[in-house]
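Each of the two complexes below includes chain A, the first together with chain B, the second together with chain C.
Showing the complex of A and B:
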């Protein structure tokens, strides 16, 4: 069994108890940032997954929002607060929408894909802003999560939700890693390089893109549910282009080199933002912008390339050592 | 594998020390940390966030130096100096930012939030964190009516938005007694929708048989209102209501006055005050102007207000608008409570603030609703008149409405109160 696991997967499995333990050790406010970063990190994963196939989704907020609103509406109108039901609903809603939208989107590439995904997400934004029942732009609050009839309170509820956020995030990440290592995953890179050849080799590029799109929507939907539960509130801002843009920002910043890169990237960006606001509450965006520019200029493959470069350096050293 | 683990442990521990190290600085005993959250960037920063921040800066300095007129002429909050921490409300992680402000920065009191969406998200968290939190500007009545029905640590020192539109309806009917139809042009988001709902419901109750001729909901920050103005012109309503603010309102004023909208219908702008100084002669005479309470030119004559307007003008080169007044209301509320309790301990401030009556540049504020946690104030409306000689816009025919006349009584939801025909309203 363990033979089939690669390094990343082993690391992820070890990181789960570490993450959960951190929830008890670290001050609560940092845990809170980790928790929301895991939620949005899942969406960034979805963006990164599509980026591997050369597709930049500028509207991933659509599925983030669908997940959050599905959970919120189940709570508001049906009184459901069970986290398993909420995650399942968010997943179902986003996958259903992605299945149908995919027929359209799979035919487009490059800027056309980016603009079309953006347009779809902004349709939802406009719609939700008009709906007074759903609180319009103010959004509405979610109930506290329950777990198969167990309704914790106070600090227990915070830890329970944190643990309940860590587990699905790690599971999704491992599954995505599996997927990317499999033939369907590598097809993505092949499509990015030369779509025509992929077709000649006997695979449908449309179908592969469609599947990728649905998988990205599924993780984004789960991320939306988890994020909304952590915040306790949803509003249409979730599907605004600024939110989607941030997911792209994270993917570029962290790089597409490894599956955990977007998760780390989200957290790092969040912490940088927090300290930027603290250092300069009026011009904190400039600090983030500068960071983005520097990353693009000096690390075109993202922050993760720092780790990869180091690894490569070590292995060449070893090679040299064994030869002598 | 081992190296990976080592690296992970190393990097997390570095992160930890970096992050917690700075948390260990404790506040001095004669200092109280107050976190201020307003829009410092984004579309709402210019018209709301920055004027509010400016007012906060001015008040903090003046209070620390003991320069505010009586009854606030003692220095600090019960003698303790205010140490402010400003953060930007324009953030996607509002709750996480709030927790950081409370837990890491060690804010003793949080004053903030302009957007009703932010307030909805923060309302339950303030109780969870058990941290004295004062909302200073957001308008939705839902905060204490639906979301946080048993507030303990949460207060709001500004009256909620229902008051603005009930008073708007009363004022406009006193000017135009023969009004037969109304129309609205409001931004298509929560604030615009709520404002129009309250205004149209109030009009229907105050004057039976009044018809709604058209409801326009352009999207926020649209900037171009050609087709909406055409619709308003062709329907010829007696009254046009708008809760536009900031650049949108200025655009509507300029585009609408050019096409005669303001001479054909009586226009009422519930937040019009913020544009008065900027537009001057471009604002049509006869427009009804509100300021979300007795603020700015609608403020009553009192020493505090004279001092505040002068101090604000001297420092920032323009007169304060209503978000500034709302900020002052929040800060003075906290100061009045701290001075009364003679302590900066949050539980003592909290008990003192509950149900407190205190005086501000915009008159008396009374924490009367929701168990003493929600403020009511009187309000006022006026009609715009441009004075060519002084080159300044003024408000004439100002009418004041007592707090008990335009606010629902305790334990009654705002919309139910309007629907009941303003049951229990005391308008003398």
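Showing the complex of A and C:
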């Protein structure tokens, strides 16, 4: 079993206890940011997954929102607060929607994919902003999570939720890494390069895109549930296109090189945001935009490519050293 | 009957506004193949600059009549300054790249422009309602409408006519059609494609800013209006087929009437209806209702 693990997966498995331990050591506000950015990081992962196939989803907020609202509505109307049930519900809701929407979206590429995904997410935005039962534009609050009947309080509740966020995130990330290393994952890259050839080789590009789309929706839905529980609140902004734009931003910035890149990217962005907004609230988006432009122009494979280059440089140095 | 008249007038009003706000987007896409998200930024800049200029001018206590000159002037100023800076400063290095990449580039520019408006005009709302009321009201079937609204419908028709005439009846316009048809051949024939691109982008930016500038007197100008308009404008140009002026007219009528109908019959569905129409059209005919589908490239 361990033989099949690549370095990223080993790293992820090690990182889980480290993350949980950090929850004890680090000050509370940092832990909060880690928790929130794990939730949104999962959505960025979903965007990155599609980007590998050359598809830019400007509407990933749709599944982020569906996940969050599914959990929220279960809490509000059914009184469910068990985290396992909530995550399962969020996952189920987003996968169901993605399954049907996928039949439509899998036929589109490039800007049409971007625009149709955007349109779908804005439909939900328009719907939720007017639904008074669900609090219109204000949204509504979620109950605090329980764990198979155990209902912790105070600091324990915070910590339990943090742990409960770390575990599914790491599991999802490992599974996604598996997927990307498998044949179905590589088909994505082949589709980006030349879709027609993929079809000639005997694989259905439509089906591959559909599966990719559903997987991306699934992780985004889970991310939505975890994020909503962390904040204790959901509102329609989750599915506004500007939110989806931020997920796209993270994927561009961190690059599609490695599965953990979007998670790191989200966290760093979250921390930078805190200081940038405090220092000068009106230039935050300008910083984002400039960073994004610079990344697209100078680092088309994202910040992660810097790490990869360094690694490559070190290994060639070693090679040269051993030869001499 | 009253509702029907109200829907007709409001639908036309919305359609005129939508056309003015989105024709620049379709022009830039048609010529340059850039789906320009920064269009929302031009719209916001236009709205702010015209509201600000009107406010400054009216403080001097002069007559309101000249504000109608300030609106297009501020739009042109925004279009030339912002359009030139963005096209020469950023976009020209990107020509020939993927269309999707250009979406991301213009998204980055949009984010920058959002903050540029905040830095210049702050986050407070600007109000410049005077031009909208100076022309007075007229009653149609007992419902009062501002004359300004009808002036906008006239302006939209005039814009469409000028664009059509410019593209189809002038030498420059015909050369532009050649550039749209094939960039490389036209530059081999000695047409200055770069200049065409720059000028088109400036015109597109000016039209975007004009959309914002004429809207400013009817609303209170607040941060975030650019993000709202860009999705509407997408819906408009997608419905008729991206890159065609005629398509933008049809799209604007579609969305305008969809919105007017839902506003009068079922207000809760207002936003929802627009995006639904957009998604439905994309689902059935992704290249627009009236566009020929593109050949699939190997």
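The definition used in the following text is that the second predicted complex is superposed on the first by the 323 of 324 C-alpha atoms of A that agree within 3 Å, B and C clash if a C-alpha of one lies under 4 Å from a C-alpha of the other, contacts with A are read in each partner's own complex, and residues count from 1 in each chain.
Operating definition for what follows: contacts are C-beta pairs under 8 Å (C-beta built on N, C-alpha and C of every residue); 3 or more make two chains touch, one makes a residue touch a chain.
Fair warning: this is a prediction, and the values are worked out from it, not measured in the lab.
K.L.:
Based on the superposed arrangement around chain A, label chain B with chain C as either clash or fit.
P.N.:
clash
K.L.:
Would you sort A:123 into first (chain B), second (chain C), both or neither based on which partner it touches?
P.N.:
The second partner, chain C, only.
K.L.:
Thinking of the overlay built on chain A, is A:96 touched by chain B (first), by chain C (second), by both, or by neither?
P.N.:
So A:96 meets neither chain B nor chain C here.
K.L.:
So in the superposed three-chain picture, is A:282 touching just chain B, just chain C, both, or none of them (first/second/both/neither)?
P.N.:
A:282 sits against chain B and chain C alike.
K.L.:
So in the superposed three-chain picture, is A:10 touching just chain B, just chain C, both, or none of them (first/second/both/neither)?
P.N.:
first
K.L.:
With both complexes superposed on chain A, which partner does A:54 reach: first (chain B), second (chain C), both or neither?
P.N.:
Second partner only.
K.L.:
Is A:138 touching the first partner chain B, the second partner chain C, both, or neither of them?
P.N.:
Touch partner of A:138: chain B, not chain C.
K.L.:
Who does A:248 touch here: chain B (first), chain C (second), both, or neither?
P.N.:
Only chain C is touched by A:248; chain B is not.
K.L.:
Determine, under the contact definition given at the top, whether A:196 touches first (chain B), second (chain C), both, or neither.
P.N.:
Second partner only.
K.L.:
With both complexes overlaid on chain A, does A:235 touch chain B (first), chain C (second), both or neither?
P.N.:
First partner only, chain B.
K.L.:
Chain B has the stretches 253-261, 289-297 or 325-333; which one runs into chain C?
P.N.:
Clashes with chain C appear only in stretch 253-261.
K.L.:
Pick out the shared contact residues on chain A: the ones touching chain B in one complex and chain C in the other.
P.N.:
126, 129-130, 282, 284-285
K.L.:
Inside the complex, what are the residues of chain C that reach chain A?
P.N.:
35, 90, 93, 98-101, 103-105, 107-112, 114-116, 118-119, 123, 227, 230-231, 234-235, 238, 268-276, 278-279, 282-283, 286, 296, 298
K.L.:
Would you mind writing out the residues of chain A in touch with chain B in their complex?
P.N.:
The touching residues are 7, 10-11, 14-15, 18, 22, 26-30, 32-33, 36, 40, 126, 129-130, 132, 135-141, 230-233, 235, 237, 243, 246, 270-271, 273-274, 277-278, 281-282, 284-285.
K.L.:
Give every residue of chain B touching chain A within the complex, in rising order.
P.N.:
1, 4-5, 8, 12, 15-16, 19-20, 23, 40-41, 86-88, 91-97, 99-100, 102-105, 115-117, 120-121, 123-125, 140, 147, 188-191, 193, 197, 217, 219-220
K.L.:
Hey, which residues of chain A end up touching chain C in the complex?
P.N.:
Residue list for chain A touching chain C: 54, 56, 58, 104, 107-108, 110-112, 114-116, 118-120, 122-123, 125-127, 129-131, 196, 240-242, 245, 248-249, 252, 282-286, 288-290, 292-293, 296-297.
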